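Note that chain A is present in both complexes that follow, paired respectively with chain B and with chain C.
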Partner chain A sequence: MSDKKKLYQERLNRYVTAMDVGKPDRVPIRLNLSEFLAKYAGYTLQEIYYQMDKNIESSNKFIQDFDVDTVPGPPSLWMGGIHDATGAKYLKFAGRELDKDKQFQFLESDYMKAEDYDDFIENPTKWILTTLLPRLHTEFKDPYRAHLSLIKGAAGMVMNQGMLAEAGKRWAEEYGIFPPFSGMSKAPFDTLGDVLRGLHGIMMDMHLCPDKLLAALDVLVDHNIYYGMATAAGDTTLPLFMPLHRGSYPFLNPEQWDKFYWPTLKKVIEGLWKHGKRTLFYAEGDWTPYLEKIAELPDKSIVFHVDMTDMKKAKEILGGRFCLSGNVPNTLLTYGTPEEVSDYCKKLIDEVACDGGFIMDAGGVVQWDAKVENVRAMIETTLEYGVY
Partner chain B sequence: MANQIDGLKDALVGLDMNKVLDKVKAGLDAGVDPMDMVKDLQAGMVEIGDRFARGEYFLSELIMSGEIMKQAMALLEPKLAGVDQEYKGNIVIGTVQGDIHDLGKNIVAMLLKGAGYNVIDLGVDVPAEKFIDAVKENQAPLLAMSVLLTGCQDPMRDIIKAVRDAGLDVKVLIGGNYVDEKVKEYCGADYFGTTADDGVKVAKEVFGA
Partner chain C sequence: MATEDSKRIPPGVCLPWEEKVKDIGEIRGDEDIIKSEWEKLEAFAYVYIWWWVQR
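Moving on, here comes the complex of A and B:
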């Protein structure tokens, strides 16, 4: 076995052991770095949004320089060219609508209207293709351009995915590193609330048309399970990435959370777990009031990621049954000193990681403003102090 | 005459959109002073803000009440032309350049309006000059800036520096999910807020009302 293969296996074992709530040789380090990687490698954001080779190169530089167990693929998931091909109205990219070093922007709106619910429930895919896509894209003004733009966009997507797959192989072979997750899905409430109805729309719906909202959420359960397994290409070693948004405190009142947010999310997670697929419950914001509910999930079916949730309570309520991760504050990585970051990591290792089932990571996705010396302090502290 | 609008405040606090709009329409038909209705609605918004602060209401209730308020004001505003409204003071608010998140900003603005302040809302992606011009033009004693992403906090620092350099006598409040004491210090702001009702608390301190 080559050294890199051995390293790959060691790291993977460490990561999987922690997710199974076991105690590996040391605390694994996963860093969910996004635009930070571009800055570290010396690229502008325009370059990584528009050139897949540079997007991929950004990751190479970081994984050459740092000993981490796993980092997600390249910094940008959203390639500008694909969205330009279809004329996406809901996104703005660096170098086009924005300065070359500005983070991409998502323009939220109620792209789906309250009166669309019946058609959506009847056949969501058909509704998306015939109604939503034309609303979201300038190239859908006439059928001729619409067809061409879909071909261009799809071809671009396939090329990008091919490059990513190649890069993934190279990262494994040359650097002994693997991605922290495979596949992605969402809470049905977020599928509707993020891009379709928007926050404002879905908040109104809970008051004004709750039955339709509930029916639409139900329709999404099977779809979101399927989407997760399909985007993971069936892999069940790594967890699925599930960024969670509208369920954080204090968006919904407790009755709304119990009625609208949790039941279908629980079904998606349980459905994935039946396929052997674990979910990285990426709980953005504060989820402290809901920990007891989350504890209803089958043992080990999630990795509960802590952003601003009370870590002590998370450990108390979920510890021992679920792996925990995260919680190094993003503001600390940006404004703190290496000593402060190191102290914070030590505290996490002492108080949370002590009996296994913990993965070191930042609270939220690390943007380009994090200081390199603070990211270094996080890694070095874990490598030295996180040994069991 | 006032009995047309009895319960207007409670209807808003209870988030009953139809009842609020019916009462406003009935009030206007009966010739009730629109300012009286605005005051009732504002009192309702203050109560809603208090409920949020006590943990009884959540963002969903704030957003719903904002929508009801918007629709009620659409009925009332044409009747308010030429009426001098009394305000506790002027507050300039906006989301800083580079950031387009406006949920927090809109809720804070709504609660400030409800509490009786004149809120000049500059929207999102607002550059320094726009903030400075608005503070000067309105002689606003309080400037409130919203930001979500830590990566967009640098413009906030630059804007605050520009405001200080321009010699403006204005207190600066910054707000957002990832804002804390550290960010406040870094940006040179006077106050920071992380929850919906922090804005009103700070305004009370700045305006003494």
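Moving on, here comes the complex of A and C:
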């Protein structure tokens, strides 16, 4: 076995042991880095949003320079070119409407109208293709351009997936590193509330058409399970990435959370777990009031990621049954000093990681503004102080 | 609360094989071969369509 294969296996075992709530040789380091990687590699955001080779290349420098167990692939999730080919109007990109080093922006709106619920419930896939995309994609303005946009969009996705697959193979062989998750999906409430109805729309729906909202959420359960397994290509070693948005306290009051958010999210997670797929419950914001409910999930079916949730309570309620991760504040990585970051990591290791079942990570996705010296302090502290 | 139609068309399917096969008519060879390839492209089309929403 080559050194890199051995390193790959060591890192993967460490990561999986922690996710199984065990105690590996040391605390694993997963860094969910995004635009930070571009800055570290010296690329503009326009370059990584538009040029997939540079997007992929920007991960290499970080992986070469730092000993971390796992980082996601390239920093940009989006391919600017595909959004131009289709005329998708809900994202603004660096170098197009924005300065070349500005973070992309999502333009939230009610792209789905309240009167669309019946058609959505009847056949959501057909509704997305025949109603949503023509609204969202300006290239649908005439049949010639619409057909072209579908060809280019699908081709762009295939080209990108091919490049990512090649890059993943190279990262494993040359650097002994693997991705922290495979596949993604969402809470049904977030599928509706993020892109389709928007926050304003879905908040009104809870009062004006709760039955239709509940029916739509119910229809989404099987779709979100399928989408997660399809985008993971069936892999069950790594967890599925599930960024959770509107369920964060206090977007919803507890009664709304119990009625509209949790039941279908729970079904999706349990459905994935029936396939052997664990979910990275990426709880952005504060989820402290809901920890007891989350504890109803099957043991080990999630990795509960802590952003601003009370870590002490998370450990008390979920610890021992679910792996915990995260909680190094992004504000600290941006505005703090290396000493402060190091102290915070030591505290997490002493108080949370002590029994195993913990993965070091920032609270949220690490953006352009994090200081390199603080990211370095986080990694070096964990490597030295996180040994069991 | 799913309706009959949304139950009838499962995730991963955009245009069910049962509808497509009516257009083809008589299949003189192995239907499973044709169906299997149809379904692979169905699954890709499905993920592409939902990619614009699942973000």
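Just so it is clear, the second predicted complex is superposed on the first by the 388 of 388 C-alpha atoms of A that agree within 3 Å, B and C clash if a C-alpha of one lies under 4 Å from a C-alpha of the other, contacts with A are read in each partner's own complex, and residues count from 1 in each chain.
Note that in this section contacts are C-beta pairs under 8 Å (C-beta built on N, C-alpha and C of every residue); 3 or more make two chains touch, one makes a residue touch a chain.
Please read these numbers as outputs of a predicted model, since none were measured by experiment.
A.B. asks: Going by the contact rule set out at the top, does A:Q367 touch chain B (first), chain C (second), both, or neither?
C.D. replies: Once the two structures are laid over each other on A, A:Q367 reaches chain B alone.
A.B. asks: For A:F251, decide between first (touching chain B), second (touching chain C), both and neither.
C.D. replies: Touch partner of A:F251: chain B, not chain C.
A.B. asks: Can A:L77 be said to touch chain B (first), chain C (second), both, or neither?
C.D. replies: Second partner only.
A.B. asks: Where does A:S58 make contact in the superposed view: on chain B (first), on chain C (second), on both, or on neither?
C.D. replies: After superposing on A, A:S58 lies clear of both chain B and chain C.
A.B. asks: For A:D218 in the superposed arrangement: first (chain B), second (chain C), both or neither?
C.D. replies: second
A.B. asks: Answer with first, second, both or neither: which of chain B and chain C does A:Q103 touch in the superposed model?
C.D. replies: After superposing on A, A:Q103 lies in contact with chain B but is clear of chain C.
A.B. asks: Examine A:T288 and indicate which partner it touches, taking first as chain B and second as chain C; both and neither are also allowed.
C.D. replies: neither
A.B. asks: Can you give me the overlap between the chain B contact set and the chain C contact set on chain A?
C.D. replies: Correct list for chain A: none, the interfaces share no residue.
A.B. asks: Within the complex, which stretch of chain B touches chain A?
C.D. replies: Residue positions touching the partner: 15, 17, 52, 55, 57-61, 63-64, 67, 98, 100, 103, 149-154, 177-178, 180, 182-183, 186, 195.
A.B. asks: Which bits of chain A are touching chain C when the two form their complex?
C.D. replies: Residues 77, 88, 121-126, 128-129, 132-133, 136, 153-154, 157, 184-186, 191, 194-196, 214-215, 218-219, 222-227, 230-231 of chain A touch chain C in their complex.
A.B. asks: With touch defined as at the start, can you tell me which chain A residues reach chain B in the complex?
C.D. replies: 35, 102-103, 105, 107, 199-200, 203-204, 206-208, 250-253, 256, 285, 308, 330-332, 334-336, 364, 367-370
A.B. asks: Taking the touch rule as given, give the residues of chain C at its contact with chain A in the complex, in rising order.
C.D. replies: Against chain A, chain C makes touches at 1-3, 5-6, 9-14, 43-55.
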